[in-house]
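See the structures that follow.
Below, chain A partners chain B and then partners chain C, in two separate complexes.
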Partner chain A sequence: MSAEAVRGLVLNIQHFCTDDGPGIRTNVFLKFCSLHCKWCSNPESIGPKPEIAYDSRKCIGAKACGRCLKAPAPEGAFYVVEGEDTVRVNWDLAHEAGGELAALCPAGAISLFGRSMTVDEVLQEVEQDGTFYRESGGGITLSGGECLLQPDFSAALLREARNRGISTAIETAGNVPWEFMEKVLHHVDVMLHDHKLTDPVRHKLWTGADNSRILANFKKAYETFPDTKFIARTPLIPGVNDDEEHIRAVLAFIRPHANVVDYQLLPYHRFGASKYGFLGKVYELQDFSPPAQETLERLRAIIAESFGRAPAL
Partner chain B sequence: MAKRIAITCGGGYVPGLNAVIAGATLAALRASWEVVGVHDGFDGVLFPEEYADGGVMSLDRRAAEALPIAGSALGTGARRDPFRIRAVTADNAVKEVDRSDELLARLSEAGVKAVIAVVGGSAITGSHAMSVAFRLHRKGLPIVCIPKSVENDIAVTSLAFGYDSALGYATDALDRIRAAARDVRRLAVVEVPGAEAGWLALQAGLAARADAVLIPEIPYDIPSVARMLRRARDEGHPPSLVVVAQGATSREAPGEAAAPVSGLRKSLSPLSDLRFGEGGRVIDRSGAVAEALALELQRSCDIETVPLNLDHLVRTGTPSALDRQLGLAYGAGAVDAIEQGRPGSVMAFQPPHLGSVPLAEALNRVRRVPLDGDLVRTAAAIGLCLGHDKGAGHER
Partner chain C sequence: MSEALAPALSSQEQAIASGAKSLNGEVTERVLRLYEGIRGYGPPRVALERPVLFTEAFKANERDPLVLRWAKALKAYAEKSTVTILDDELIVGRPHDWLGRWGMVYPELDGEVMPAGVEMFRKNKGKTGEVIVTDEDAKIINEVLTPFWKGRDYASNFVKSLPEETRFKLYGPDPNNIIMMTCVVMATSPMRHSQNWTPDFTKILTRGVRQIREEAEAKLASLSEPRDQIGKRPFLEAVILTCEAMTTWSRRYAAKARELAGAARDPARARELLDIAAICDWVPENPARSFHEAVQAQWWGQLFNRIEQTSSAMGQGRMDQYLWPYYKADLDAGRIDKARAMELFQCLWLNMSQVTEIKLNPVAAAGTEGFSQFPDVCVGGQNSDGHDATNELSYLILESMRPLQLTAPDTCVRIHAGTPDAFLHHVVECIKDGKGYPKLLNDEMVIPFYLANGATLKEALDWNISGCCENRLPNRETNVTAGGGINYGSVTEMTFRRGRLKVLHDIQFGVDAGDPRAWTSFDQVWEAFRGQLLHLAPHVLTQQHMAMKLKPSYFAAPATSMLHDLAMAECRDLHTHGEWFEGSIDHSTFEAIGKATAIDSLAAVKHLVFDTKALSWDELLTALEANWEGHEATRQMCLGAPKYGNGIAWVDAIGFEIERVLLGYLNAHPKPHNQAFLLRQIPITFHVPFGKVTWATPNGRLAGEYLSEGISASHGMDVKGPTVALASIAAARDRSFREKGGDLINMKFSPANVAGEAGTRRLMQIIRTWSELKHWHVQFNIINRSTLLAAQKDPQKYRDLVVRIAGYSAYFVDLSPMQQAEIIARTEEAA
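Up next is the complex of A and B:
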């Protein structure tokens, strides 16, 4: 099989992104993640397989359609409550079914997160934005989920992107075997990587796994790939990691390495909350508010001072 | 090995759980079963290392008779779904694994021939526990479910245990709130459990002589409610109490829940997933409806409003006499269903009979307040506002 024919499970391709690497970029979100962060804004990216989503607003009703209420849909997966016409989902039973359920719904209320694509198919879509990359210094950013959990596909995709003159970046949480990270990093210009929490016990409470392997991977990456640019990032969650102690601990970790060129704070947002409803999952941080502007400015000033630059206004 | 029944309680306390455990245990012992209780749903079987007694306790006559009236001897902390248990693999990846086969094997090894599972019935988990029971039964586990609900929205039974106690607590709380609100000339907007059905809101609201009751069955119209409240005030009867069920929605956006409006709350704790669970299926919006509605009514009536949320206050406490009796009956009835060879069923109380119906018939159904029933008629007759002023005369 040629490198271009390697297949990966792609969640979404998003054009004209400006927050995930230099210039105007095309973000390719891959499915599957090895963490379960409570604040995750892309819950549809977590599972390793394609999964169904349901948006009741698109349902045209049981009387007009009702195709999901009978076989081949699993017994009890979809139902209508007496006095209503819009179909509801019993997620315990719907999850048993595969992606074929999406084909049952002519209105598109049932859809599928995740599709198998080849390197060539992805790049055909990415190259549509070639003009913008050249003018802005942008390129392709692999994100997720955790893009390093599909190392063969990610490596093949980024290698081929480079062959076609496209700058490459990845966004990773780093919770993967080192071999996966190493395999992909050979083809990466910029690696955006998360420092979510410094304390391993708290890291496990909030993300599901401790961070010892993550930190070991990052350190090894800084040292093994001196010509790669690294940008550290923290999704700032009020009451979880929006404290000076964490920011200073991350700075102490990254500053000895000259190829870690920046440390960015990403204010927590709630864009993901509605997607949890579509997936039948619980959004565990629904009651959080985004961080206060003054907190953000104070913490960003600490980072600016560490990097020896004036604080951003 | 002796034949054994295992009793489990799904997540969430409702008054009367110990009565169910006692009823099932005493009836099973008389029918020559050995009885064991599993802590926290099926967690006691799958995670024995987390419990001092190994996760499963023997229930004999002495233990059953020593159970306190309130509380649950088997815990109510079940939040793990045996089909989707979060685990960290050897290479530190977080993933969900299906341990249902392991659960069935462990129950079999322990000599368990049948399971009695108390399931319900809450805004957090919906019908999740019953769905899990349904899936386990399809895999071969002989299981009989007992419906618990403080919202009384389980379709197959006319009275789930726990409801009567919750109704008493809610009414008592509404009485006090109404009196206090009158004293300070404010309008209390009180949210009570009822994501799918307005039984608790309507029955407690009627009992406490609320000025308006808004329930999921009747989408409300803010201008109509405001008009009624203003008129009462102008006539010298300042309104003091609006009761709203958690699932009530407005006529402009029927079926759409109010956006959560409060700030930092439950999720601040790293342990919050014990509250929300790993197997939960819906977003908890408790308190959001009262807050949104109070704001809208204050804007449109120029009456100072206070949002309040009873939520867990009515889910806890000592069971009423009726719930104690009902709990014993449900527990003993479940043993009878097993003896009669009717596993895969849900106990159903249709007075005067306590029987059972197949799980498949109980799933995905909701018991709602009938719009042509006596409760709605009574409300209309006494001028209680049910959210609009058209149609069945829901306004004085």
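Up next is the complex of A and C:
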């Protein structure tokens, strides 16, 4: 298939990203994921189709507006309770109605996550940062969702990015058929990949799938693509995986491979919690808080020692 | 996506939170005492000795040519003014006797409108932006100064001399109004004697005023043409008198220092005072022999220039370059160490931090909040050989500013492709302190600008900063007449309201291009906008020609002129530059304010009325007329329309086209001798008063709200972050015209975004890219939004919080509530 014909379901293109690969980068988030991590901070990225979201704080009220209450919006998808002005949503009806609803809302309270884009459309947006890549050694990072679930699009996008002189990175959880990963990795300079939990049972409990295929993919990737740089990462969730055993197990897995150049810990945060509400979903980790600074430092010191360098502050 | 466990604080925020007296680096007890004294003094106070002595001298010498009157006034000042040396001072000379901020008033500039300013400031007592005007001060202004200058000052005569239509555009329908500008078209010459200026301080340091005097004496002796007795003689006599005045003044300080030394109990201070006496005996009369003498001579130079005329935007030149030989020689001879040089610099900065620009003209005050005065110190860049010019003083100057929360001097770094990483790293660390300086100007833009305007490459390589984002070649440029400008917000309003302005009671102000409801394509909208723009633009030029014509009858500046090669060659005061100095570059400036407001308004109309047809003309115009009341949904649509600063090519192209209209117009209407009017887009704080007179605009802005600032995107509207914003801003500039002058970009980061070494590297990369994109200027506010909100609630605790405005920094608590809100609303760039 030619690059022009491939389309991807893109969630968001975020500029000036500095934590997902070297330099100043542009992150392209693709929609659809094969895991359901309970701590996920991008719940809008999980489903395979475009999704409606509703943020009632932005609603300017039925009196001033009320456009979502009448046709072409399906009856009852949005409604007002007596004595209130702010619109409420019936998620089942709203989900069914889909993207048309977002266009009705002038205030941006109703929005649509996910739009179909071509490789060229994505790169036009990405290339606005081109001068910054040159100075910082940055480039494009494909993220998600799970970017490897759209392997044709991801491969075409990264191949074309390289043709245009842009360095490429992907961020993956690895829970895909090996063929998908292999197809994309031909066009990748840096692969950031998650080691979420060691124990397969607990992995399944917290993410919805066990980690046997994931680990097999990672090992094969390290060996098949010796010139690609790999950066292992763990989203550090207190009480779930912030223990030494997990960190040491990951180190034991990655250290034999010279092309795994770093292991990074990403402390859990709650910035995504409110998004669950906008999507009509429930956030299960209401009582969780970010890991303690000393835990983070202690675990980072173990990693630094393994890599034979001074611990980062 | 970035993570922050605890909110990161800038050095300045840390210092305020912990109650520390200084930020990074050690300072001496002396410096701390001076700093505390100055900050503890409170709001600035008007300093009236100069205007009183000037007024007396002007009365006494009524028959003299103006330049000679001016010199005699300077001489009278030097002989009669109070001489004060305060405890701890190492660099002496002050036109007032208190330790604290002061601001001169200049009745020859705007004596007639000063009582209105006095009234305004006295009403403002206890509020932000306060200025101390005591009862006695008010009495002097109202009973001594204004009665003499009424009818004689420049400002009132300027207004009365304007052609009727131009006067109307600037001052509105009331023919007697000489104070309140419409803020649709603006003139700044009634607010200051001179456009931003950078004197050639090296002449005072390397020659001393005695050699300047001797040069003038020799020229005087050789005058042979009869006509020279009229023109050149008085100028040369004025130069001689001015040199004498500077010597007299410094010698009086020497005597005072000796007197104090005799009475000093502390033998160390007595020795210091004797050293000061010896230094003041020697400079500025003779060439400086040491670093201390050079710094003192520099201060005499800038202070005397301030006594001569408004200090407004007096660039201090490339201090790391011209002070370097003195520092190096002292270092080599073991006469100085880094710590001592640091202390001397800090004493100079503390002196400069007490200088404020108090505008007694209400419009001028609103346009320059926070007492801006732009005493820029320029470091880095290239030398005239084209090599990197960074030296130890480049570092030391920046380093010496770090411990203190000062708003002045403003430091500026010239950035070029060869700026060493080590120096850029240091620059970024200073920026991260969070006080808004140093600001950065780009050799890669300014040098080609000068080449396009007739400078040699050698001259262009040696350019100096001057004013908020401007530049000067001190011995070639001659324009000492402040400029004018237009309000893009008003142009936008007139486009959609048939040339009428709501705040001006709907009088017909611009062109009536008919009811927009009849327009069927965006081209018609654009043509209407263009028509309004070109309707106003000529009046900016007309008022400028009038200002240049009038000024020689009202102002002279022998102390400034004697430091200029061309003025000395022709024996003529710089204020006569309208008559052309052979070999000069004589730019004037054309300011345009609210660029993003105009772009976003036009883009919203194109998108909503034409491209998507989501809005009818009637709905939009009705909503605008109602200032959106009852039309919130329409306003939300307008706010949600595509905005400048987000890499949307067709939106950014509107900005480019707007610049091209003005640049094309200026290019077609040069000054005599083919000199250029430059398009500048630097707001100072004029985007706030300009916004006040602008009705609701189609970008979703409410009536009266501030306009966008500089060439930055509208507040909070550049949602894709700093990289896209910078690329977008670059796309909306037309740098193909020699008329493309300075413009200003504000960037705001939260301290967490630039934390640690990784954050420093990131900011370095952004700056390198900014330079590659050929931007002119950039400055940074690195501060947490929460800090600004806290400072609004507890001004006492945040008394010393310094924030960036526009080419200068100011104390947050000195700003009006509207300006504070504007600073808070500026986009916080997130990683």
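Couple of notes before you dig in:
Heads up, the rule we're going with is that the second predicted complex is superposed on the first by the 306 of 313 C-alpha atoms of A that agree within 3 Å, B and C clash if a C-alpha of one lies under 4 Å from a C-alpha of the other, contacts with A are read in each partner's own complex, and residues count from 1 in each chain.
As a convention for this text, a contact is a pair of C-beta atoms (placed from the backbone, for glycine too) under 8 Å apart; a residue touches a chain by one contact, two chains touch by 3 or more.
This is a predicted model, so every value here is computed, not measured.
Annotation for the three-chain superposition on chain A: chain B and chain C fit side by side.
In the superposition on chain A, contact of A:209 is made with chain B only, not with chain C.
By the touch criterion stated above, A:38 is placed in contact with chain B alone, chain C being left untouched. Of the two partner chains placed around the shared chain by superposition, chain C is the only one that A:267 touches, whereas chain B remains out of contact.
Judged by the touch definition given at the top, the superposed model places A:223 against neither chain B nor chain C.
In the superposition on chain A, A:244 contacts neither chain B nor chain C. When the shared chain is aligned, no partner comes close enough to touch A:100: not chain B, not chain C. Of the two partners chain B and chain C, it is B that touches the larger number of chain A residues.
Contact with neither chain B nor chain C is seen for A:305 once the two complexes are overlaid on the shared chain.
Residue contacts after overlaying the shared chain place A:88 against chain B, while chain C stays out of touching range.
Distance between chain B and chain C in the overlay is 15 Å (nearest C-alpha pair, rounded to whole angstrom). Here chain A touches chain C in the complex through residues 14-20, 23-24, 41, 60-61, 64-65, 67, 106-108, 125, 128-129, 131-132, 134-136, 266-267, 269, 271, 290, 293, 296, 313, going by the rule given at the top.
On the side of chain C, the complex with chain A involves touching residues 1-3, 5, 630, 632-634, 636-637, 640, 647, 720-724, 727-728, 756, 758, 762, 765-766, 768-769, 772-773, 829-831. Residues 34-36, 38, 47-48, 56, 75-76, 79, 81-83, 86, 88, 90-93, 95-96, 175, 177, 202, 204-210, 212-213, 238-239, 273, 276-277, 280-289 of chain A touch chain B in their complex.
Considering their complex, residues 81, 83-84, 86, 88, 91-96, 127-128, 131-132, 134-135, 196, 217, 255, 260, 262-268, 270-273, 276-277, 280-284, 360, 363-366, 368 of chain B touch chain A.
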